[in-house]
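Below is one structure, written out as structure tokens, with a few remarks after it.
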Amino acid sequence: MSNRSALKSYKQGEGWWKTEISQIEKNRVNIRGYNMEELIGNVSYSQMLALLLTGSILTEKKAKLFESVLVAGADHGPRAPSIAASRMAATCGISFNSAVATGINLLGDSHGGATEKGMALFYETMTEVEETGQTINEVIDNKLENLLERKEKIPGIGHQLHDDDPRVHRLYKLAKPLVEEGEISGDYLKIAEQFRKSLAGKKDRPITMNIDGVAAAIQCELGLPAEAAKGIFALSRGMGITAHAFEELQQGALVKGPGPNNEEFIQYTGVKNRKLEDKGEVRNYKL
Amino acid sequence: MSNRSALKSYKQGEGWWKTEISQIEKNRVNIRGYNMEELIGNVSYSQMLALLLTGSILTEKKAKLFESVLVAGADHGPRAPSIAASRMAATCGISFNSAVATGINLLGDSHGGATEKGMALFYETMTEVEETGQTINEVIDNKLENLLERKEKIPGIGHQLHDDDPRVHRLYKLAKPLVEEGEISGDYLKIAEQFRKSLAGKKDRPITMNIDGVAAAIQCELGLPAEAAKGIFALSRGMGITAHAFEELQQGALVKGPGPNNEEFIQYTGVKNRKLEDKGEVRNYKL
Amino acid sequence: MSNRSALKSYKQGEGWWKTEISQIEKNRVNIRGYNMEELIGNVSYSQMLALLLTGSILTEKKAKLFESVLVAGADHGPRAPSIAASRMAATCGISFNSAVATGINLLGDSHGGATEKGMALFYETMTEVEETGQTINEVIDNKLENLLERKEKIPGIGHQLHDDDPRVHRLYKLAKPLVEEGEISGDYLKIAEQFRKSLAGKKDRPITMNIDGVAAAIQCELGLPAEAAKGIFALSRGMGITAHAFEELQQGALVKGPGPNNEEFIQYTGVKNRKLEDKGEVRNYKL
Amino acid sequence: MSNRSALKSYKQGEGWWKTEISQIEKNRVNIRGYNMEELIGNVSYSQMLALLLTGSILTEKKAKLFESVLVAGADHGPRAPSIAASRMAATCGISFNSAVATGINLLGDSHGGATEKGMALFYETMTEVEETGQTINEVIDNKLENLLERKEKIPGIGHQLHDDDPRVHRLYKLAKPLVEEGEISGDYLKIAEQFRKSLAGKKDRPITMNIDGVAAAIQCELGLPAEAAKGIFALSRGMGITAHAFEELQQGALVKGPGPNNEEFIQYTGVKNRKLEDKGEVRNYKL
């Protein structure tokens, strides 16, 4: 980030909005220099997304692997706050896209956000390996110890519900031939797995890599920027958010809260029954 | 919509959240009855989206046509309020996904929303043709006249900037072989084009179909529900929203408003320089 | 609404952003012509809000009545989707203001939105009374019959949980002396109550006015515009949304969904266990 | 934050949603133990907000000072991204409250967020004074040096446009009698001013305290929690956001972007005119 003042740049003749992404003129839409008509029908969703983000077109094999990551994260049902919030929104009489936006607004640091942190950690690990000459395992052991000491979470490892997430194995299997053919290096897949293994060793119990972890490893293999991860996940989980909000809309309930109004579900634990007292603190309207 | 009370259903033993979309259990994620591991790597983004929304898997040819629609709507640069708002959001120090949500929140009735209205109109047209025995052109002329009389917009026809949108021709060209092979009927593509032609005739000047119109026609061909259109577009334009917010984040400006603070850009047209008067209306704190 | 093109106006020398609300210059902030320093400490929250919206300062008595409406709608606990969604958002690792925005995003047509519809109905009723010379009761009976015939809801009348909402009586009591002193006309308070009474008569059972209905009546008395009602309610319920999101943040749970994962709470009602079949519809990546 | 599992607590008999804020039953709404009917008409907006957040009712004098802070931050015109984004949203055909939410979504760390950081810094400064026995000025000099060394911003000091913000002086003046009467300690007002003075001294040029800084100082005087600051500001600036979105709605423009489409306003700086090449990377649909 430059932290250069937008106003200063503008006064020096730059556009207020500077973009390398798209050029729109009358009857002409260009994306990263490509004519939109040429892209339509020739590039897939995942290629288009990567092109918009980075300016480069992924090879078809890489694009399919990226697409598989997008598909893998598409839904986790209404127990996920993002899904439930968009379903509730759909019952409140707002524009349907706003219900979708409600769900996406929730995909922050704690809910899907581990992919970004995982990518940063894996990229950092690789850089340290290259710069220090240490082995991957040495660097990882070191990093892991530091994280555990600071009582931080290891991003991409562990899950509330699953202890052996089937989506992870499938994605590793899909990535394998690409490593063998040299399409991708395989380094980041190794790094992610080593973090999992080391942690399981230290904790002395089985621990699963989660969907954020495998997404992080693959997105590093594809050279995507870590800081874009929350946006990418928004378009992956966005599918489920859209479908669930749509289903709720079809069911037609109005103003549907998070659950039934049973007493044990919402529990009031505060002060009971007090009165305003005249200790000078209360205005009396005498209306 | 049933408008059945969620609470009543729950008391009769139904789940508070009822879904046909996904079933999540320990180490098992099923989508519309399919095992997630099987879907990953075997279905594309557009197939997954249609599966989540409708329960059916589009054939590969249909899926590619749908994907082409998603790609075609991906970006229209920072002059679009959705794109600009997400870029501004990216300079305000919020979670990146929230910047994406900001853009998607804006894709309402007037901004991308014409696809939903177009789909409703085209489906309605088809139903009337089937039910009344009138020709497509008769039904359309009738509908068009009614819309113009009520001074309503014809959804999917016309554009602020373009008068011959190149994306539309490309999508029609991609759809053509599918019609010839019987993959899709072609009826809705005809209906959309006839609305455009009739309107151009009535106005006696060239008028373009826009991206919303062709998206509506194709999504009708694929049997997708009209009410889901705003969510689908959120995932299409969402690509551009994500990329632009990310580019702005990289540029590093902070708290970037819509434009430079030139006098002619923000114009104050209200009352100038007045004073609070004591006509009993103003509280005096005497702090 | 003018529907005049912003671009055309700009080319004729108008600002892109035209505003009568505020004028900001170096070391000077003016609101509706008043110096901000003069407003600070001299006008209350509700006076400031009305000033920003309409350009006029409410008398102190009117302002307190308006403030009472804002206070009355401040909270309805986590069974309200807006409150629950903001609490869930607070557990997802996003910026705190984004959790607040999540809740406010849900205050649409069905969730708090009845105030706008109520205001429109009450203003319309008054206009008809003035224009036709009919009595208030005649106009209301007529309108009510039309609404019931079209199976529409009567905005502001009835409640899921309460059948005699205590907030309504309190606000009517606070408004009474203002009517007696001629500060407000009392016409809209009568109109709202007559709608309730007429409906109760037709249904032959007791029916309560709800908080939206009394808010609508009072906001009409104050001459506020109906179309601003959803924004006003956002700042009223916004208090509860902020407090609940904050409480959840303090409790420290992470990624908290709508409820516990009991089987009866989320119910899967879709297709079980099917396999992708090769009917030409599935791509095989052969990765 | 406890980071205690919500599920574990629920299994031990606690409510899924635990709250000390409100208790809602049929025909009964209690807030922090007070009957809602008693609060309506007796407490002001700022008292209600503080009560919801903290459980205590501010004295009338404190409440008016808090209200003055809310009024002071209410608007800064369309050059503020939050205001502009909500105005753009209002032209896109979404629910009005969603336009308000769009603006509030942007009030993050960089846009209004300095109040939270200022409060944390001022509270921390006070604690250090109490714990170490150093003078306020010693602690501040020390802290300031550390911040400048790490090239961090001093929260609440400095402004892009203003160099002597008139709102700040007014709020200091309103607070003064409360210090003299012992209603508030005045310590945090001193701390904030000393940070400003010290920084101006080190930079050897005049520097203004900004609205975030004075809001932070006063909210510390009132004992409000720092982490709630972004929510509080949402309800302050929310007034301006609501009014501007409403004004835009009345103007009636549709899909209004950030500015006119002049060339110098949006500048494309990317690759121009390239073609897809067949390097194995592009799928050919052959549709």
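Think of it as A, B, C and D in the order they're written, each chain with its own count starting at 1.
Going forward, a contact is a pair of C-beta atoms (placed from the backbone, for glycine too) under 8 Å apart; a residue touches a chain by one contact, two chains touch by 3 or more.
The structure displayed is predicted, hence computed values, not measured ones.
S.K.: Compare the CA centroid of subunit B with every other chain's and tell me the farthest one.
M.R.: Result for max centroid distance from subunit B is chain D.
S.K.: Looking only at residue numbers at the subunit B/subunit C interface, is the share used by both copies over half or under half? Answer same or different.
M.R.: same
S.K.: How many Å are there between the centre of subunit A and the centre of subunit D, using C-alpha atoms for each centre?
M.R.: Using C-alpha averages as centres, the distance is 26 Å.
S.K.: Please tell me the distance, in whole Å, between the geometric centres of subunit A and subunit C computed from their C-alpha atoms.
M.R.: Once rounded, the distance between the two centres reads 32 Å.
S.K.: At which residue positions does subunit A touch at least two other chains?
M.R.: Within subunit A, residues 16-23, 35, 39, 41, 43-44, 64, 68, 77-79, 84, 93-95, 97-98, 101-102, 105-109, 113, 161, 174, 254, 256, 258-259, 261, 265-266, 285, 287 contact more than one other chain.
S.K.: Spell out the part of subunit A that touches subunit C in their complex, as residue ranges.
M.R.: Touching subunit C from subunit A are residues 61, 64-65, 68, 77-82, 84-85, 88-89, 91-95, 98, 101-102, 105-111, 113, 160-161, 174-178, 254-259, 261, 265-266, 285, 287.
S.K.: Where on subunit A is subunit D touching in the complex?
M.R.: That would be residues 13-23, 30, 32-35, 38-39, 41-44, 47, 55, 57-60, 63, 93-95, 97-98, 101, 105, 258-259, 263-276, 280-285, 287 of subunit A.
S.K.: Mind pulling up the subunit B residues that touch subunit A in the complex?
M.R.: Where subunit B meets subunit A, its residues are 1-7, 10-11, 16-24, 26-29, 31, 35-37, 39-41, 43-46, 48-49, 52-53, 64, 67-68, 70-72, 74-79, 84, 87, 95-102, 104-109, 112-113, 116, 161-167, 169-171, 174, 225, 227-228, 230-235, 238-240, 242-247, 249-254, 256, 259-261.
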